[in-house]
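Two complexes are shown next, each including chain A; its partner changes from chain B in the first to chain C in the second.
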Partner chain A sequence: MGDSMTEKIPLLTATNVSVSYGQRQTVHDLSLNFPENQITAIMGPSGCGKSTFLRCLNRSNDLLPDVHVGGEIRFRGDDIYQKKVNPVVLRTKIGMVYQQPTPFPFSIYDNVAFSQRMLGLHDRKMIREIVETSLQQAAIWDEVKDRLDTPAQALSGGQQQRICLASVLAAKPEVILLDEPTSALDPIASAKIEATLIELKKLYTIIIVTHNLQQASRISDQVAFLLNGQLVETGPTAAFFMNPREQATSDYLNGKFG
Partner chain B sequence: MKPNPLFTRSKEIRQDNWGRWLCYISVSILLLLVVTIIYFISSKGIQTFTKNHVSVWSFLTTADWNTGSLNGKADLGALALMTTSFVTTMLAAALATPLAFVIGIYVVALQPKFGQKFVQPIIELLLGIPSVVYGFIGLTVLVPIIRRHFGGTGFGILAGALILALMILPTITSLAIESMRSVDPSYQKFAYTLGCTRWQVIYHVILRISAKKLVVAVIYGVARAFGEALAVQMVIGNTVQFATNLVSPTATLTSKLTTDIGNTIDGTLPNNALWTLALILLLISLAFNLIVKGFTKGDRSA
Partner chain C sequence: MNRYLIDRICRWLIYAVVAAVVALILIFVGFLITKGWSTVSWQFLTTTSDDGIGIRDQLFNSLYLLILTLILSCPIALGSAIALTIYGEKSRFAAVAKMAIQALSSLPSIIIGLFGFLLLVLKFKIGFSVLSGAIALTFFNLPILTQSMSLAIATVPSSRLNAGISLGVSQWHTITKVVLPEAIPGMISGVVLSAGRVFGEAAALIYTAGQSAPKLNYANWNIFDGNSFLNPLRPAETLAVHIWKLNTESIGPNAELISRGTIVVLIITIVAFNFLARQLANHWQHKIYR
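And then the complex of A and B:
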């Protein structure tokens, strides 16, 4: 397992993480490291616990009732589940983009400015700068720069998703979590998001949940394969796709299930 | 010869036609009812001006109400009635709205489980209490308390507004809950991810997105308060005059109607004058409806 993290220090580490909803355990004893400035793809069939695991990484699971997270998740060495952690600040450091693009029913500008305003920034010039940079990083600036005052929901699905990405970037995160960000989008819009992510990994650490094998092979540096809430295999992307070590992995890659 | 199956009329087709006609007839009855009510009240209401030659201007701008004398000389001014109606209603809305919104936030965003199980049924229970019961409580509990603590007779705008506030609280609350609940939960999820505290999510996401519908909820509450008659009549004092303070007896459009309608003879000036009050009420509730329409126009989520 350990070969993927030899060159880089992991920014985020998960050790023996278990998650249960009420009585039902959906993630079992999962350990995984996320190296800085790399894209990690978490794959697996529907219901394998990959989204649940992803949500643990920025404590969005806190918002759901009856969720219990065991094990340890460390961000820059600090256990993010210890009492003195402020989950609100943590979520600005580790942002999340969801499957369905959900920009607020506000203008494009207000959407992207939202997080900074919530953090208490009121300097218009600074907000404007952050909005512009974030939209540029999300590769949608050119498409919307002339209509920042129009409703974000009037945009196409792919554009809305990139507005959401820009909103997350505006909070100045270090890690970006993406939960099947392109599964509601057409292939062209998906390709644009993928290109954007490859560009963004220079600045951020990216963790993406996907069940699209091609997508994982195109953009990720490291892959983790989950089955029934357990980590089956993880490793550098090329090795993972060329020479899977586990039978379950090669079955999955060959389309025998999933 | 066998009949051509293409030309048969099946039972299902007949059912279809029958259903369509049933709908047409029901809608027509409804339209007819609305038109006749408006026509009836208008035709009765304008007789004060056409038959009894009271000037519209003085009716709307003077405050003396004296239908009394037998020779037909009368002072008819509805200004005091209208003013009291407005002041009482606005005061009631001002009292009920903050409370309703806070309860709404509690039920939708803070304790959805407990809210749905206990708070909402209680609110619905309040909606079902007949207005005469509210009036009776006002008369026996509220008026004496006000008399003791604020002086006067206890009857007046304060008593009326408090009772109305209690009556419109469930209306505004249940509409507010509905509006806030209609805000897509994925917005809340996304807002938390962007580093919002719970209060920020409530204020900047839930309240901001449902703002228009919340205004409509208040307008519905105001409309209900404005049209409420019985409970108000029991605590307002029923004297047609400008209230000098919140505890002096006065009267509203509706309370005047309920008080006097049994004591007048059809076709006479006192009777016609009451119809004119009814017409004013009708016009004002139409105005409330138009305001609501204007507010919800172009709102895709409504």
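And then the complex of A and C:
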């Protein structure tokens, strides 16, 4: 799959993005488009700037001191770093799942309901519906439907990660960012998350950072390869893995570094 | 000597040191309690010194001052702790503020008392009063309370904040709905432990809350009346100041007797505070992780 899908209009575009922490620049002049309802995998060795770049896409870097983001990131045509954009509202549209599962010390139900409650929804019936749909979409409903009152932190790592995914889905985003979501999980739990993501791309645009090559090849439509904060190569997944254009890509795919 | 033996000897040495410390505390507290226990009675706790040896007013003054001090210092300490640990974690201002707080926490309390005397009692003309005492105790309490609250907040994983904002929830809501509730057990024990320190403080109060205990009318709820027990502008001698005064100035025949009894009441209350701190913290811990 993949080739025909790249013709879609990009939902999110990054143009000449540079990021620096204080004096140190970690992302250099990076341009990348994210088409709607596709999975884009961002790959590269540790420290190549892929997580940093991902965090710019929903402005979660804003909380760190001394971060400067240059260039332009547009979501549905609007620059997200414009003054009039409220980053809190933006993040309801572009949610994020982290490497380590980050459930709150609440019950499963309260975890998933959290974002809607904070947005001011108090109708119990509507909250219940959103929680159920989100848990179903995250493919964990069947495992937890009888114990929604138990603490989310008592679940296994893989289940916790899907609860976190469900919590993000409950905020009704359009884009889901995932920062190495399966690197702390075992292969079976990872496979479940991967299957879930493939199902979810029908409704959402997904951007996943991973250094698992097999994972990228299994689930993504488009791949971007980063090295030392620069974009080396990007393209449809099949072409990227079969015929890499750059020597560095080929070396990475063959396990010569990384 | 083999390593196994060294390991065993060291372990027993550490046990011995711990046992010595525990024994010291037990001897110390036991001695004071046996000396003063016979004085403590229901009458001792519920009558005034005018009627004989009672400490009712001093006991009430101590509690009243404690409550006012906590009302004044908790919000300020909580705000500073949030500012220092979450918002300004890595700023230069926070670094300076943390150093200042550390320095303040080791300031001798008599200096705080004299500063309060000059500023509150004389300059602002509040006089020797519950209010002056509570403000002085707030100065005394703030550094330690801020430190313990900061510590409690710092034990909450920072990933909570990231997780909150990545759901499109504002930083403030994440702090108030997730971070602070999780920090509550630590904060409660911090508050109660500092309450014990405040309750037993004498030097900061001698020149601020004063050394006299005017007769109080517990039926008078008008806080503007001079004899009302709630009036914040009347002088208020506390238990600790009472002990100090009995031992320095008193010429009454029962001074030593009252002093010993008051010591027992003070110690038991402070031990009770410590016990309460643990219970409350455990209770909340269970409440959060049902």
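Everything that follows uses one rule, which is that the second predicted complex is superposed on the first by the 252 of 258 C-alpha atoms of A that agree within 3 Å, B and C clash if a C-alpha of one lies under 4 Å from a C-alpha of the other, contacts with A are read in each partner's own complex, and residues count from 1 in each chain.
We adopt the following convention: a residue touches a chain if its C-beta (ideal position, glycine included) is under 8 Å from a C-beta of that chain, and two chains touch if they have at least 3 such contacts.
Computed from a prediction, not measured in an experiment: that's the story for all the values here.
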*Overlaying the two complexes on chain A, which is it for chain B and chain C: clash or fit?*
clash
*Of chain B and chain C, which one touches more of chain A's residues?*
C
*Identify the partner contact of A:107: answer first if only chain B is touched, second if only chain C is, both if each is, neither if none is.*
second
*asked:* Which partner chains sit in contact with A:164 here, chain B, chain C, both or neither? Use first/second/both/neither.
replied: both
*Touching A:188 in the superposition: chain B (first), chain C (second), both, neither?*
neither
*Which positions of chain A sit in both the chain B and the chain C interface?*
58, 60, 63, 88-89, 91-92, 95-96, 98, 100, 102, 104-105, 114-115, 118-119, 164, 167-168, 171
_Residues on chain B engaged by chain A in the complex (per definition of touch)_ = 184, 186-187, 189-197, 200, 204-205, 208-209, 301
*Please name which positions on chain C make contact with chain A in the complex.*
90-91, 159-171, 173, 177-178, 182, 288-290
*Over in the complex, which chain A residues touch chain B? Could you list them?*
58, 60, 63, 88-89, 91-92, 95-96, 98, 100, 102, 104-106, 114-115, 117-119, 164, 167-168, 171
*What residues on chain A touch chain C, complex-wise?*
58, 60, 63, 65, 88-93, 95-98, 100, 102-105, 107, 114-115, 118-119, 149, 151, 153, 164, 167-168, 170-171, 173, 177
